[in-house]
Amino acid sequence: MIDQTPLFAKLDRDAVLAETVEQLCAQDACEASWHRISRDQPLPSLDALTEVVGLLRAVLFPGFFGPQDVSERTMPYYAGSALDRVVKLLSEQINRGYCFVCAKENRAPCSDCESRSEAVALEFIRKLPSVRELLAADVQAAFDGDPAAKSPGETIFCYPSIKALTNHRIAHQLHHLGVDIIPRIIAEMAHSDTGIDIHPGAHIGERFFIDHGTGTVIGETCVIGKNVRLYQGVTLGAKSFPKDDTGGRLVKGLARHPIVEDDVTVYAGATILGRVTIGQGAVIGGNVWVTQDVPAGARIVQARASEQLYISGAGI
Amino acid sequence: MIDQTPLFAKLDRDAVLAETVEQLCAQDACEASWHRISRDQPLPSLDALTEVVGLLRAVLFPGFFGPQDVSERTMPYYAGSALDRVVKLLSEQINRGYCFVCAKENRAPCSDCESRSEAVALEFIRKLPSVRELLAADVQAAFDGDPAAKSPGETIFCYPSIKALTNHRIAHQLHHLGVDIIPRIIAEMAHSDTGIDIHPGAHIGERFFIDHGTGTVIGETCVIGKNVRLYQGVTLGAKSFPKDDTGGRLVKGLARHPIVEDDVTVYAGATILGRVTIGQGAVIGGNVWVTQDVPAGARIVQARASEQLYISGAGI
Amino acid sequence: MIDQTPLFAKLDRDAVLAETVEQLCAQDACEASWHRISRDQPLPSLDALTEVVGLLRAVLFPGFFGPQDVSERTMPYYAGSALDRVVKLLSEQINRGYCFVCAKENRAPCSDCESRSEAVALEFIRKLPSVRELLAADVQAAFDGDPAAKSPGETIFCYPSIKALTNHRIAHQLHHLGVDIIPRIIAEMAHSDTGIDIHPGAHIGERFFIDHGTGTVIGETCVIGKNVRLYQGVTLGAKSFPKDDTGGRLVKGLARHPIVEDDVTVYAGATILGRVTIGQGAVIGGNVWVTQDVPAGARIVQARASEQLYISGAGI
Amino acid sequence: MIDQTPLFAKLDRDAVLAETVEQLCAQDACEASWHRISRDQPLPSLDALTEVVGLLRAVLFPGFFGPQDVSERTMPYYAGSALDRVVKLLSEQINRGYCFVCAKENRAPCSDCESRSEAVALEFIRKLPSVRELLAADVQAAFDGDPAAKSPGETIFCYPSIKALTNHRIAHQLHHLGVDIIPRIIAEMAHSDTGIDIHPGAHIGERFFIDHGTGTVIGETCVIGKNVRLYQGVTLGAKSFPKDDTGGRLVKGLARHPIVEDDVTVYAGATILGRVTIGQGAVIGGNVWVTQDVPAGARIVQARASEQLYISGAGI
Amino acid sequence: MIDQTPLFAKLDRDAVLAETVEQLCAQDACEASWHRISRDQPLPSLDALTEVVGLLRAVLFPGFFGPQDVSERTMPYYAGSALDRVVKLLSEQINRGYCFVCAKENRAPCSDCESRSEAVALEFIRKLPSVRELLAADVQAAFDGDPAAKSPGETIFCYPSIKALTNHRIAHQLHHLGVDIIPRIIAEMAHSDTGIDIHPGAHIGERFFIDHGTGTVIGETCVIGKNVRLYQGVTLGAKSFPKDDTGGRLVKGLARHPIVEDDVTVYAGATILGRVTIGQGAVIGGNVWVTQDVPAGARIVQARASEQLYISGAGI
Amino acid sequence: MIDQTPLFAKLDRDAVLAETVEQLCAQDACEASWHRISRDQPLPSLDALTEVVGLLRAVLFPGFFGPQDVSERTMPYYAGSALDRVVKLLSEQINRGYCFVCAKENRAPCSDCESRSEAVALEFIRKLPSVRELLAADVQAAFDGDPAAKSPGETIFCYPSIKALTNHRIAHQLHHLGVDIIPRIIAEMAHSDTGIDIHPGAHIGERFFIDHGTGTVIGETCVIGKNVRLYQGVTLGAKSFPKDDTGGRLVKGLARHPIVEDDVTVYAGATILGRVTIGQGAVIGGNVWVTQDVPAGARIVQARASEQLYISGAGI
């Protein structure tokens, strides 16, 4: 390393700074980098959304997250103050999400963004009781589905499946209410924490469980029934991406991911691609690759024995 | 998006809040959601456990984590104050772990929980020197096993394997001492950070190394020998989950994961399921699927050539 | 659990602490644990590097990260103060990286470390405009490549690919400038966040995109062309690790990872091992295993049909 | 300065540390320094009490302090969660106050300290509505009494009188409930912030106002009526401290401070010492020194003219 | 203390909370307590103003406060980003100040508050260079006036006079620009820190110095010339407060405080009351009481000798 | 307020910023404002010194400040780690203090500043046991001297006298060791908190107590004996400041403050000016003004009766 020293002539620190700042802030450099930002339309804030999700988690699973010595009778105080703050923060972020899209599309500014954003945030708040019902069923499913789980509460604390589904069921509601970009950010927070990547658009039924979960991907147009169980490394993806007539840009928004019916189990590493249907109660084995419909009750496994070479240790 | 506006009638913010809070805090809603919490038995705290693991990491790898300009002679000051705090925090969390289980089982309150919790925390502290010996050997194994590693210290800083094993060897000690739920939480912290999911119950021998690691899963009843090396995406899992006689609930706690003997290597994406034994020195190739015993010294690879279709690019 | 109580005799808290501290701080214990630290050569600081990467992210994608209401005309203020701080923090960390290596190799102390460290930090700063150009192209590639992406900006906020590449393109520059260990730490930060593990040594061309990304591994000596797209769980790894003549230690630094030419696509779970070349425009199917060269334009898929057992649901 | 260098022989840093630590931690050194502390009876916490007072201030003056966009209908959520936390923190601190006194007096440990502490904290909570009534009247008095005040709200934000009285009325309640030491700590917080030193024992009637306030002292056994106004630098103190029969120790707790009846005004710098009575409506002029009773309606001023030497500027 | 226990019947914690919250949040209780707050007009924020003053201090005295290794050439980056944030924060606070007054007066909402607030904030920013010139002269005056000061820089770091004047010169500008309440809050911050209470309305000339300063009060309508020096405990106050014709309310805003001409010195504890003029170069001795004009060049001292009783120690 | 609107023409925010930044950063503007700063000689840091004093307070009064559940046997861990950090921080700050003076005096850089700074910091550490002895005696004096104090420990928690003396006895040691400016900053921290202004140069004997303390000032060259007690508002100051032969600048460093012998009491508001001696056991009454020597055992009080006008209330 020492012999590299001559490579580094003594630079003038302030001059390097000045020059680099100038290059980075040149208008065309910024435009090329998608930074068409303005002070009047600040972009969504990761910090604010992190706070929102933390507050919601504390409301949905009181005692497990947030203030710890909440009791049955003090819970309304904590839930009320948390949700009041969620409305405030989330309205602002929803509005920023709209502006983010408007700016991109050079649309005329919509005059009612702010009031609409609060209305949407309130609609979302109203859905929270049903969101919690869904999550309670997911907790039961996680407990029932894993012999290592000693109590449902343990899955609330420790299971990435519950963490990912909490974010998903929040993000999915916001997606359903037409909120732009914010749901994606919330989904990606869970992806970063758990390795489980669920697009907010995916429809997921009751009692869903993903064991371990790292590397599992669930695409935007998936439709998943009740009582479905996945393992780590499962992909519910798209097979191909049609391009538009101009030949260049992908057609966005088509139904292109699997339909998974009730009671299906998909083992680790399996890959299911395209708008196929996995029939009720089917079992997809580990590492299996599926690109066609699977009938209800079917069981698909890899014929592993035939494809592995068994080499006795002696000759290695 | 603009045309959706009519969907959102102007809601009364305070009324929505009040109504939602009432629904979320209704007694049956809470019970259905596993929130049988009480102010006298607060649940374990993720923040406290995060601080505990951070303090232990600083004690186990001084200088790498925690105060950075510790010297040989000032180390006792830092180690002593850190461990004093660990005892305090961990005793409290261990006790909360007991209460968590008691509450679940509606057991009579155990009168000696607090003193027992501190005793267990102290037993744990006594094991730290041997925990560090194990981790030092893991560091050496990581350095020896990866040509990209330039020094053992680099693996302490950068290798998810070392991070995951630090949490595991801590969690495993606590699990061995009969601590409830806390070990699972500590294990899941590492899973979230590294993508490596090791159940605290797994027995792992000296000089263990997982390269890259994302997606690797090691089940509760695994027994892993010395000098074993895994890669990313490896599953050491269970094959099936027997249900109890009543036909509904999983039987919990059975030995259902693999035994991996000394000197075994398992390449990326391999899946080993059930209570099988991988004999000493065996090599399991990438993406291989194993559900039966493998003799010592064996080498198993996929017969890839035969199963892939090679299509020249011309016709696509 | 209650019956375990007798196992835990009442320990003297202070005595346990004193004894454990003594054992942990004994000289040989420390040396065995790689802790040859000194107060005059503090180790690199994860906190400082986290701040550096956060500041750089704010400079590279202003408005998306860091201060949110930056405008075109105030940007120089924010960029300038952020980069001034980066120079200060990074110079110090680069120097610690040198010392880290020197200490390991028992080299004589290099007299010019500090000035050399600042020179390198300044060289790095000068590369930032070109780093941003590369990242802007990566953003465009992510948008073009994923039908679920609604705008390039969305990929800056939410796509692990962009997060991982930001760290990589920073780390790669530092690696190229001969900085020790710091690039690895920066790469591992992204690995922890995204599940994407890219070694700082890897050469990656323009318009690179990794969809979903969890579990993807790109090795130290990879060379990746322009316009390449990977999916989750892809491994670009080494096939075997030659040991040196003494028979024990791995030979470090050899070119041992794939060359991936322009316009290649590698689907989820595929594994490419060794110094093989994937020719321009080739498509590697999901879960395919490649250890030999693939010609330009080729398409390789698994012959799935033949290897899966289809079992009708009736008989299960 | 440079010539002092020889004074400082090169000291061994670690040796100095070790030696100093040993001296500071020697048992007799600690005892001489009042540090008869034990881990089971931690001392009161300034941080916890700071949080308590902050929460109370937000409850007593919602919107001015604490969450800022509280509305009439969300106020119960914020007040409830704040007071729930106050009960928890304050119970603990009250208990520590008891232990602090017990330890000092070597009393037998009182078995019911914890339950008694919570009972006292709850009694205190019940007094809060009347505490707020008093403070509302103090706010009105401050507005009425200062021509520079433009609104009552301004005095809540900016007037040291209101800050000091908030702490005092809290501390006085706790004092009245028999809480040890905690009230003194709360009073001293206000003294540090405002320069107004009011002993928690002082009885202060409605509509009290201290303008500017720096340096004003109100002693432990003062009794102050309604509608009293003080200025900065006023002392309501004790004249002499009788010692006990043994001739050495001060007799503690005697009534030794002034009684100030309704509607009295005391201007800046006046000093009133001993158990004298300032009759209703009396006005005590600036810098006046009073050690005897003053009848109702009297007005006392210094005969300044007679005591100042007027020297024309010419001759200086 | 122990015998007080019976006083405290066991209270139901949750019931006490519920009852107290209800009382505190009853509408009339709130109104009586000046809490006519609304979510749409949040009150000024002490935290935001603390940040504003901190940023301004860093801009006015770079290196002394704020980022410490600023250089001549990087100063614009730091000053620019700091001032940009000041504009944002201060505009918001100025607007809240207007609303605070409007709400009080039940005025119709002014439609242009927001734009006017930013305009005022920008006018304020433009005054900063002249504010700094004044402060630089104050620094020189502090150094010249105190034999204990070893350098001007020392007075920037350590002298309450400089701290108080920084806040005052900021607050006075805002007051001059018609900003409501915010200047008072900024002034009170300095009062709390230094014990020096300067009303934002006071006009203070160049090279002003207050030594020690605790307890010094400078009233709203004071006019102070150049080169004036005060000591601790000096009052420049009002003599009486005329009430309006209705006989009840104080007339607000009249000129009622002293005029202090150039080169005057006022020693510790002196009190000057009413709209009197202290002529150029006059010296007011310690503890002197002045309620009439003092001619230029005069020197007033207390005739101390005549008023003190000298009692030899023997007879006490 | 509304009619002022026209005053504020719509300003261009960015232009105002740019212009103001330019003016503030112009070289002559900076020089006039004492900002001869350089990146290589950063100024002392208030934050670092605040941390230093906090750590020292925790070491001097363990349990009262800092970690609260320290026990006799764990105290060495806490003291050791705290002092190790103090050495590091304080060495750096001492060095900055030297540079601060050097820069001012344009002295040649002293080559040994860094090593000298650490040597001084270590000398200071060695004095801590004797500093604590002094403070323990001050605590006893506070308890003995105030009938409102219920225990010595209470004075540690609540008495500004102890807080101010802790800072003073630290600052005085540093002053004695020739440290520049740092002692003044530490003294001013206490002044801001307590209103007690003690110059680090003052010599103060054992068992010193200041009751209430707001506004008390103790000058640089004071010499105070044992067992001295002061009250609030006492000034031990200088009478006049001789200027040097050039007629302009104050002569700095002369002995110009009082000598106060053992067992003296000075009541509130008394002023003692110049190099006078207050003899052993003398008592100086409240508000008395002393500019000449006072013999041992004397008692001086104001002849208040003669100077106050008593006006019966009727005629007011």
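Per-chain numbering from 1; labels A, B, C, D, E and F assigned in written order.
Note that in this section a residue touches a chain if its C-beta (ideal position, glycine included) is under 8 Å from a C-beta of that chain, and two chains touch if they have at least 3 such contacts.
A quick note: this is a predicted structure, and the numbers were derived from the prediction, not measured.
Q: Listed by label, which chains are in contact with chain B and with chain C?
A: Neighbours common to chain B and chain C are A, F.
Q: Quick one: which chain's Cα centre is the longest way from chain C's?
A: Most distant chain from chain C: D.
Q: Compare the contact pairs of B-C with each of A-B, B-F or A-E and report the one sharing over half of them by residue number.
A: Checked against B-C: the matching pair is A-B.
Q: Please compute the C-alpha centroid of chain B, do the same for chain D, then give the distance between them in whole Å.
A: 51
Q: How many angstrom lie between the CA centroids of chain D and chain E, rounded to a whole number?
A: The mean C-alpha positions of chain D and chain E differ by 22 Å.
Q: In chain F, which residues are in touch with two or more of the other chains?
A: 17-18, 21, 69-71, 74, 76-77, 79-80, 84, 101, 180, 195, 214-215, 233, 269, 287, 302, 307
Q: Among line, ring, star, complete and other, which best matches the way these chains touch?
A: other
Q: Provide the full list of chain pairs in touch.
A: Taking the chains two at a time, the touching pairs are A-B, A-C, A-D, A-E, B-C, B-D, B-F, C-E, C-F, D-E, D-F, E-F.
Q: Can you name the residues of chain A that touch chain E in the complex?
A: 14, 17-18, 21, 71, 73-74, 77
Q: Okay, in this complex, where on chain C does chain A touch?
A: Checking each residue of chain C against chain A gives 59-65, 68-72, 74-76, 79-80, 83-84, 87, 98, 101, 110, 112, 115-116, 118-120, 122-123, 125-126, 128-129, 132-133, 135-136, 139, 144-154, 156-160, 178, 180, 193-195, 212, 214-215, 232-233, 268-269, 286-287, 302, 304, 307-314, 316.
Q: Hey, which residues of chain A end up touching chain C in the complex?
A: 1-2, 4-5, 8-11, 13, 16-25, 27, 29-30, 32-35, 37-39, 42-46, 100-101, 104, 180-181, 184-185, 187-188, 191-192, 195, 197, 199, 201, 214-215, 217, 219-220, 233, 235, 237-238, 241, 249-254, 256, 269, 271, 273, 279, 281-283, 287-289, 291, 295-303, 306-307
Q: Can you list the chain C residues touching chain E in their complex?
A: Against chain E, chain C makes touches at 67, 69, 74, 76-81, 84-85, 88.
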